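Two complexes are shown next, each including chain A; its partner changes from chain B in the first to chain C in the second.
Now for the complex of A and B:
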């Protein structure tokens, strides 16, 4: 009985009737798992330094009018920066362009990624080589990818024009980045080219977790490859698709470096996405308060998008895919 | 029974979140909103200087490194660590580095003194200016770093956009030898070049959505008798010569005389296009002539000639002031040594050595036969053009105003809006920014 009471005390903090109360000031540092906390502390400090603190500081600055990197006078303006954002037509235009870029690029990446994943999952000879080749675009830094596409798409000496005119697909050189809509679509292509391998590998890992037996059963039941894909592969891949969709949507929504290198936001602001708009306002125009408010709006948008996806996933609404 | 004191013992999560919260509160409370509290000082006049330069146009990286080498020989106590960035990255690099005081000396464009002076990013060096500099230096060079009668740097290389023409191609098209004096002459030559099939698009421009577009437009605005601002300080580009210049620019695209890809070009693209022989005429900075003669970069070496920018219907032919200046960061802790460096880099002796890359800021240099001989054609064109410069507005919010104008210029160039409407819209967007 005494042993049981002691067990209760040590394991559940329960005092047996009539027993003396346990020491109340047991040091919290002796709690189980504290070693793990200490070991996590360096990572926590880093996360605090590069994520938490900058976010809090950005939020703080967004309530002030800060018009210089070394400003000494920074009047408090409350929510005025946020109100200015909502009244800014350039902001809404950049939101529209960002949504277009996000939807089209994510859709194409998912489509091409699925096709490549199915191909790489097939029992091909030299499959390891194809997998290595496919991953190459993803291995390129985004800035290098942007610079490469700038060269490829250059109207005067770009390789795309040279190829298409030599194949007689185009009669003359075309300025791919010369009009706003065309330039925005070129950004999509550059992004799709780089990021499709990532999507493909995510989906490939999902494909490899599907037991081959069920395809055999489906085949015995008379299902062809197309029916198997729609009725088996796609539903079973849904968790992978959902993860890819969330990751790519968030990533595409905050596209910046590709725009910076490839078009600089032009022509006629036709490729100015919300992240690039934020950068231009904060650093080119030294409107740090306004820029910080914009950054907070981007974070809020991404949180909302993520919440919608996650809720849809929980409710099973993603099965429409 | 549950031990009530257990509630007093913080969990690990509470400890971590509490710690982060307390640290955030302490840090946020301890700093100003911008987090900047450093003030600059003269320093000891020796030590290490961090300097920020541009890596294209004007003085090359090799030129700058050679200048710095000589400076170090003359000042062994001072070591200079240079950083080179593209023009497009220069402004924002200066801004983001300012809070940390990362650079002692920064290269600034002629359009930035108002912004950097009012935002305290660069230091007022008026008291350091020797008295004779104001008479010995070209007026355009003095104006480069001047804002409200104070100097925020020293001009470092005069520059303006000259007109370059491929004499060989013009000859093939039957155009008379010699400079094209007016923009009408340029159009006539372009039509001849196109009709005779010498080159498909005779003209190339840097009309990308960037400051390069503003430079070309400014030069044409001046030629067409326009002005950026009324005397009252309000924008005037949507009247008279401002509109006529933009209509003229658009028409050259419609007529197939301007390469339509010009709306994606910077000056480097104009350089490549002309050096490939795919355009016969274009505006560019001083440095271009030297690259056109370099057979490793040019297929038309020896064919490119430089001249003063042509005159417009107004008879005027001003060049855009594209000079740069060296400034001291307000936060520099070694401003005395920084000034020594600026004095060295802007000295007549140094600048004369590189007159073919960027024109000297000193009046004397233009009378020295050996300096003029380094680029006689450029000096010949510069003699007239540097006397008649047109400045872009020297206002605090110039960058934002310029962006608004660039977008509308492109809307007109792409045929999305008539010139008048585009410029009206530009003025409407930019006017509130003029107050800042």
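Now for the complex of A and C:
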């Protein structure tokens, strides 16, 4: 099969993919959409049957009071579920926690991620090994990450306590997950450990697209490495940074796995993020109508953020959109 | 110009520090998985297990009956089947769709693509309630088939988006030339585009596998017994219930991490390219 591609290159003088600059103007085949319809049909069936219909149903359910999966009476309540959300203090607390979690973890991930991206781009010996090490947290399943940190932070046998007491930093074992605020910060640490590599790799791809000549001319002009980082690298990476910011904010609405495994939403519901709050209301308290309304609020926020993301993406490189 | 010695010492020391911070918790998990329960709770803590034991691993591999270890093995089998089927279906479907988006122009192309992209961005929590009600009605709760159906919908938009962008970077003349030589659309896709798209295709398959292997929320709600529970759910179960034997959680977690970690290291140079294509999923 690959031979055919090779043949085409030689007989038709078509340049191989590696050497050709990506085409910016593409000749479109103007044809009735039959082929396209047939090729897209499988994807449409697989996706839309399981997404679009449930999406509409979530919207519908949110106007009813549904208190069981097999409920027989589900009175229409109009917008009351939405009104209940706005009046619910637990909801606003979960919003506050999600905001705190997002701002702190994204800030730390961008800072450390930038440093690691610069290191990944630096002339290191054993760079392949360093890259393999940095990939590790990203590849670790989220639930395994949560379970690992649950062990590290455990109040009875956790390795963090063992380390800090043996170094005489702590006099005795400490319950890291014992108070809501401390537990929330531990969620941040676990998330930063796992997600920083992703941010670093993303920023690295931005770094690698910067032409080296501008550093050359900056050096000729007498700018040191620190100066050229602040006035060249950082401004040029701003598009990548803004995409990371939007994507991490979208992710924040989804934070669930880590909370479930590391803290279970506790202590005293003190680490319930929006997604966890929605889950707890719908499935622990069987308030499906209220839960659906919450889900719709989340979707509305994500749609707005996605629109911003798409704009940022389109301003960047070529995309099929 | 060669970098100064001070600079080289600095970057190597920093890389070492980063490596230690990344590896420390992971290394502890590895050690804990072979430590005896006594070593694990000893104070002062024994960092190096005094008599290392592989008993948990052998219990997971050979265990029979209804104990925790064999429940774990069952969940590995379930995860493999579910993730495998999801990857195969969503890749086939995604290749066709991605090719259509990249190579053909048709009505509502942009709108359709946007709808796919938005479904990719929707959080699972948004669809959880109606999907739960739907799967209950269809009798697909706690079945691997139910999970595969849901996962295909979850993974396909992602595959489609990455591949559509990837096909777009391939030279269109190649496809046109194949068509001039008498290939049909599908023939051109299969015999010309797919072979040269192989690196991108492999990377996409890896990402798709990671998504399916890692998914937790759907699996948590839609499965309840060993018949369909996947690895993340099994680990979450252990981690909550068997707080005293962290070693079992650790060994299970390490086994669950082997496929994704090996894949990610093998494909690490695509991680950057794939992420640049918009493949960021937390």
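We take it that the second predicted complex is superposed on the first by the 269 of 321 C-alpha atoms of A that agree within 3 Å, B and C clash if a C-alpha of one lies under 4 Å from a C-alpha of the other, contacts with A are read in each partner's own complex, and residues count from 1 in each chain.
Everything below uses one rule, namely that a residue touches a chain if its C-beta (ideal position, glycine included) is under 8 Å from a C-beta of that chain, and two chains touch if they have at least 3 such contacts.
Because the structure is predicted, anything quoted here is derived from the model rather than measured.
Engineer: Using the touch definition from the top, say if A:170 reaches chain B (first), chain C (second), both or neither.
Structural biologist: Neither chain B nor chain C is touched by A:170.
Engineer: After superposition on the shared chain, which partner residues are touched by A:218: those of chain B (first), chain C (second), both, or neither?
Structural biologist: In the superposition, A:218 touches no partner, neither chain B nor chain C.
Engineer: Between chain B (first) and chain C (second), which does A:280 come into contact with in this model arrangement: first, second, both, or neither?
Structural biologist: Only chain B is touched by A:280; chain C is not.
Engineer: Go through the superposed model and pick first if A:57 touches only chain B, second if only chain C, both, or neither.
Structural biologist: both
Engineer: May I ask you to name which of chain B and chain C touches more residues of chain A?
Structural biologist: If we count touched residues of chain A for both partners, the winner is C.
Engineer: Tell me the contact category for A:189 with respect to chain B and chain C: first, second, both or neither.
Structural biologist: neither
Engineer: Looking at the overlay, does A:267 come into contact with chain B only (first), chain C only (second), both, or neither?
Structural biologist: first
Engineer: If you stack the two complexes on chain A, which partner ends up touching A:256: first (chain B), second (chain C), both, or neither?
Structural biologist: Touch partner of A:256: chain C, not chain B.
Engineer: Does chain B (first) or chain C (second) touch A:288, or do both, or does neither?
Structural biologist: In the superposition, A:288 contacts both chain B and chain C.
Engineer: A:149 in the overlay: touching chain B, chain C, both, or neither? Say first, second, both or neither.
Structural biologist: Second partner only.
Engineer: Jot down the residues of chain A that show up as touching in both complexes, chain B in one and chain C in the other.
Structural biologist: 14-15, 17, 22, 26, 28, 31, 33, 37, 44, 48, 52-53, 57, 61, 69-70, 154, 156-157, 173, 264, 283, 288
Engineer: Considering only the defined contacts, which chain C positions touch chain A in the complex?
Structural biologist: Spelled out, the residues of chain C in touch with chain A are 3, 7-8, 11-12, 14-15, 18-19, 21-23, 25-26, 28-29, 32, 40-41, 43-45, 47, 89-90, 92-94, 96-97, 99-107, 109-110, 112-119, 121-134, 136, 149-150, 152-153, 156-157, 160-161, 164-165, 168-174, 176-178, 180-181, 185, 190-192, 194-196, 210, 213-214, 216-217, 220-221, 231-232, 235-236, 238-240, 243, 246, 249-250, 253-254, 256-257, 260-261, 263-265, 268, 271-273, 275-276, 278, 280, 282.
Engineer: Chain A touches which residues of chain B in the complex?
Structural biologist: Within the complex, chain B contacts chain A at residues 1-3, 5-6, 8-10, 12, 15-16, 20, 23-24, 27-28, 32-36, 88, 91-92, 95-96, 98-99, 115, 118-121, 208-210, 259-261, 263-265, 269, 272-273, 276, 278, 330-331, 397, 399-400, 403, 406-407, 410-411, 414, 416, 436.
Engineer: So in the complex, the part of chain A that touches chain C is made up of which residues?
Structural biologist: So the residues of chain A in touch with chain C come to 1-2, 4-5, 8-9, 12, 14-17, 20, 22-23, 26-33, 35-37, 39-40, 42-44, 46-55, 57-58, 61, 69-70, 115-116, 119, 122-125, 130-144, 146-152, 154, 156-157, 159, 162, 165-166, 173, 193, 195, 197-198, 201-202, 204-205, 208, 225, 244, 247-248, 250-251, 253-254, 256-257, 260-261, 264, 275, 278-279, 282-283, 288, 291-292, 295-296, 298-299, 302-303, 306, 309-310, 313, 317-321.
Engineer: In their shared complex, at which residues does chain A touch chain B?
Structural biologist: Against chain B, the touching part of chain A is residues 13-15, 17, 21-22, 24-26, 28, 31, 33-34, 37, 41, 44, 48, 52-53, 56-57, 60-61, 64, 66-72, 74, 154-157, 173, 175, 177-180, 264-269, 280, 283-288.
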